[in-house]
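In what comes next, chain A is part of two complexes: it sits with chain B in the first one and with chain C in the second one.
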Partner chain A sequence: MIERETLLKEMNEHKRTIKIATWKTFKRNKISFLSSLIILGVGALSVLGIFYTPYDPYKPRFSEALMPPSLTHPLGTDWLGRDILSRIIAGGKYTLGLAFVAIVIGATIGTFLGLASGYYLGLIGATIQRITEVFLILPTLIMATLFAAILGTGLLSTLLAVAIPIIPVYAKLVHSATLRVRNEDYIEAAKLLKKSGPYIMFNHILPNILHIIIVQITYYMGTGILTVSALGFLGLGVPSPTPEWGTIVGDAKGYIFSYPYVVFIPGILIAIVVVAFNILGDGLREALDPKLRRLL
Partner chain B sequence: MMLEAIINRILQALITFVGVILLVFFLVRVLPGDPARLIAGFEARPEDVQNLRHLLGLDKPLYLQFVDYMFSLLRLDLGVSYQKGGPVINEILARLPYTAELAIVAEAIAVGAGVLLGITAGLKPRSFAGYLVSILGIIGSSFPSFLIGLFLMWVFAVQLHLLPAFGAGSIQQLILPALTLALLLTGNIARLVKSSVMESFSTNHVTTAMAKGLPDDKIIFRHILKPALSPVVTIIGIQFGSLMGGAVITETIFGWPGIGRLMVDSIFSRDFMLLQGIVVVFAVIFLVVMISVDILQNIIDPRCKMG
Partner chain C sequence: MKLLEVEDLSVEYHLPQGKVKAVDEVSLTIDKGEVVGVVGESGSGKSTLAHAVIRLVRPPGKIVGGRVLFNGQDLLKLNDEDIRKIRGKEISMIFQDPSSYLNPVYPVGFQIAEVYEAHNNTNMKKLNGEVVSLLKKVRITDSEVRVGSYPYELSGGMKQRILIAMAIALKPKLLIADEPTSALDTTIQAEILSLLNELKEEYGLSILFISHDIGVVSKIADRMIVMYAGKVVEEGPVRRIVEEPLHPYTKALVLATKTARKKKLFSIPGTPPDMFNLPKGCTFYPRCPYAKETCKEWNYKMIRDHEGGVACAIYENTGSS
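Moving on, here comes the complex of A and B:
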């Protein structure tokens, strides 16, 4: 009995060490720590944008059109006299929010499919694999454009146009991750205990590949933001006058000759956020992967 | 053995291709609106629309329409454009050379610059080239392609008046769109070449060659550069998707009349026969590139066996 207790205590101790090491590894990586602060900051501003913006992001004020950055308008105004800072704050919930919800939906469905196809190798697995391959043939942006064309412009169709092409990507990723762990001893043990397939998938396989899924979600947040804004830029995403960041750039591109900041401010902001997500992804991968984590 | 593997790979690709057509065909059929009405125009009499529907085979059951479409694909017939009235294949063939020109020039710039930078950075990782590789990598993976395109346009066309901002036909007009696309690809190629150069340094045969007193340039050329180049073929295949996606955006920015822009135009004019044709052509190009990359890889590096 005493042995069992010591063992349990040691296991808990080990779990705690891993948690601390994960956090320490992540914190030591200064750039990825900074990236997470940038993401938190921009995210907080976008949430703020739901309740408050300095000026009305939609109402034109022609007397104040195309003003360069100043004290009253820190980022200037656009050709309709709308405050660019207010439009960017109000637009965050579209660009970041849509990308986030789309990636989470796509990743969740893809993870289910990948788990199932990796665990049940037979007919179910093969069918899922073939369908996945068909969807993977076309590049994400072409696929998203096709869905945007079919679903029309708007919030829900942009959401689906970004989410659907992500499903096969995750299905493939989780499928190969599942293949790597499905023959481990603990899976065999669970099978001997006559646990059901879904039980094993969610209680034994999923926790062991979760770190891969989380790291990839961070990377795909970047891709999702790029796709949402690319669709908006092309006029196939969130329609103007909604201040989705890509839509703002698409609407403003005619002003590049005389008022380039109207175009570049939202564009650069997109770039900064995507860079931050990619660096955060690298940092998380290092911190969550037991092989890359430097145990202290 | 080799031939058998290639045939196998092509058969596999054909099955995937039929799947893609099936997907696109049914997706486009889900669309609201009556194609016959769109082609005939809104003033047309109901009998005429009915006739046209019969003529186009739109009154047949869906699966028969699909079989018809597959057979017409074999004759390279992609249907009739709703908007222009002519065969879709002609519309696409008129635009395809522009996209091909843009893509090939961009890929050439990216491979040339990427390999050179990658080797320089691999030999001296802490040099300027080393940091440039990291920066280009970040730009390629994280910057929206429209930002890169508009920035280049602003610098070279608006500020410096060196190059035209729009249009196609001359070499000057090709430079900016090609550079935009190349910037999306260069960083990744350079990063890969850099890391394989650095990896080769630590292999046993390079240490042996150094110990034997082989001249530096011989070691660099034979044992470091040659193995560093074979992954370039792989990355060209992997990047091909972003090249096509990037082409859609770049062609829209610079008014380049390729199929990427034709695709966006076809959506705005609700010409779904044309859209379907373009997606099918994109899928064919993609599959051909993928198979070629597999075969090339097999020739360059016999260790990669085709599965």
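Moving on, here comes the complex of A and C:
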């Protein structure tokens, strides 16, 4: 007979091995590791931007307008003399924050709908799925533009315009994941005990498909950022002078030939962050999926 | 009084292709503390029979006739609320594939405790001791640790032990075991069988044991029922059936088991019957080496004596004399 302590130790050891393997797989993928560093860095700067920026991101200083990158202004200044670095740092909370909150809201609502349609099927399920499919006809960005045009500019309407197109995506994803789980015998057993539909959905089905939802959130962060800044660029999102990244690019687009850095620096930043989130999503999926994980 | 009396139980499946009589007027009895084995090949209706006893036949299946008397009470007449009180508490069931009956995201100890909660409304937090001693009873080593294990951390044999622990948690009188060892390898199979034997002795448990393997059934059962195409073809004490099978189908099954370790394996000629389109007369007739012309016209009839019976035309004249 094995001693209890030995066994406990071995089980913990095993869990640790899995954690290490997950970490190693993730780290071995150099690009996704780099992506996570970029996201962490940008995220940290954006949090910092809530409390502190080197210069006031709103106050014009005409004497310092359109200065190229230098030691005092590492990324230069715009046509009103505002420090671009300060504006980017201050804008992170709008672009990243809006994208994140919108995706969490969209994912939550979509998950409820998907669970309900996958569990009840029948009339409820068919209704939810047909409506979902109608909304899936349009690409996320186009639909967001449509809703932004209807709802007008501002923080709340941008939030909704980004969140709404995410709902059908999650409704479909969770619906198909629910279908895989709903006929398992332990669900049948819960039904025989006359547990309610919502109880089964949240206590038995949701925990079994949660990992799918979480990985998908990482993927959609990139899409969310892109949508928020595209709306800002088009003037349909967060209005200037708020330093939302897309809005910065949109406001500066008249200077693209004379002072290209005013446009390109925030533009390239958006591109880098979006690509980083997509790569991170792949890396996470590979690291978390036991089938793709390479145990050493 | 018998613990369980099944009388002329019939179950039909209504499918788009037609109607299938999966269980056709099957009768059986189980005494207190007795183990009855049901043997038959795939599609013979043995599993449907097991589910029908506790009313777990899923649509499109439907119980169309007969009675299931448990302690004299007809289970087929109970309402949903009353049958739920009997399931798990008086009659419980274990299944072929233990992993699909455990939810992968909850520790097994929690899932065992749910059995108490469902029937007694006991507070779950107080149940840890009960669950640990239950795990000891089904011989899971280091039960204090295993209480917190998730299903994926356990082997198939251990998962089956967990299901057995759930099944015996409320000390039921009858355990229905639907091929509990078919998904396990041979050594684990033997362990599970000896565990069931032990529990039978300790609790005075009666068991309805379903299997396609006549060898497994002979290790645990007192009496055996052989099913073919939804009907009982032979019934009797295990020793008698294994040593001296009467029905040609049983003879073939026993012969197949006995030659299993030899170089040339005996197999029953032909294929199991098409359930949508059963042959007239004796359903085993097309595969039977003793078949006569009259078998085509034969009407199903069980010839009984005090300890069992057989349903075959070749015994009808000699058997009754």
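The rule we apply is simple: the second predicted complex is superposed on the first by the 265 of 296 C-alpha atoms of A that agree within 3 Å, B and C clash if a C-alpha of one lies under 4 Å from a C-alpha of the other, contacts with A are read in each partner's own complex, and residues count from 1 in each chain.
Quick note on the criterion: a residue touches a chain if its C-beta (ideal position, glycine included) is under 8 Å from a C-beta of that chain, and two chains touch if they have at least 3 such contacts.
Computed from a prediction, not measured in an experiment: that's the story for all the values here.
Participant: Go through the superposed model and pick first if A:Gly197 touches only chain B, second if only chain C, both, or neither.
Facilitator: Neither partner.
Participant: State whether chain B or chain C is in contact with more residues of chain A in the superposed arrangement.
Facilitator: Here the partner covering more residues of chain A is B.
Participant: In the superposed arrangement, which partner chain does A:Asp185 touch: chain B (first), chain C (second), both, or neither?
Facilitator: second
Participant: Touch test for A:Pro68: chain B only (first), chain C only (second), both, or neither?
Facilitator: Touch partners of A:Pro68: none, neither chain B nor chain C.
Participant: May I ask you to decide whether A:Pro260 touches chain B, chain C, both, or neither, giving the answer as first, second, both or neither?
Facilitator: In the superposition, A:Pro260 contacts chain B only.
Participant: On the A-aligned overlay, A:Gly41 touches which partner chain: chain B = first, chain C = second, or both, or neither?
Facilitator: neither
Participant: Looking at A:Leu141 after the superposition, I want to know if it touches chain B, chain C, both of them or none. Which is it: first, second, both, neither?
Facilitator: first
Participant: Using the superposition described at the top, list the residues of chain A that contact chain B and also contact chain C.
Facilitator: Overlap of chain B and chain C footprints on chain A: empty.
Participant: What residues on chain A touch chain B, complex-wise?
Facilitator: 130-131, 133-135, 137-142, 145-150, 222, 226, 229-230, 233-236, 246, 249-250, 253, 256-257, 260, 263-264, 267-268, 270-271, 274-275, 277-278
Participant: In their shared complex, at which residues does chain B touch chain A?
Facilitator: These residues of chain B touch chain A: 15-17, 19-20, 22-24, 27-28, 30-31, 138, 141-147, 150-151, 153-154, 158, 240-242, 244-246, 248-249, 252-253, 263-264, 267-268, 272, 275, 279, 282-283, 286-287.
Participant: Under the touch definition given earlier, write down the residues of chain A that touch chain C in their complex.
Facilitator: Residues 1-2, 4, 7-8, 11, 184-186, 188-189, 192-194, 204, 207-208 of chain A touch chain C in their complex.
Participant: Which stretch or stretches of chain C touch chain A in the complex?
Facilitator: Those residues of chain C that touch chain A are 56, 58, 80, 84, 87, 95, 100-106, 111, 118, 141-142, 144-145, 149, 153.
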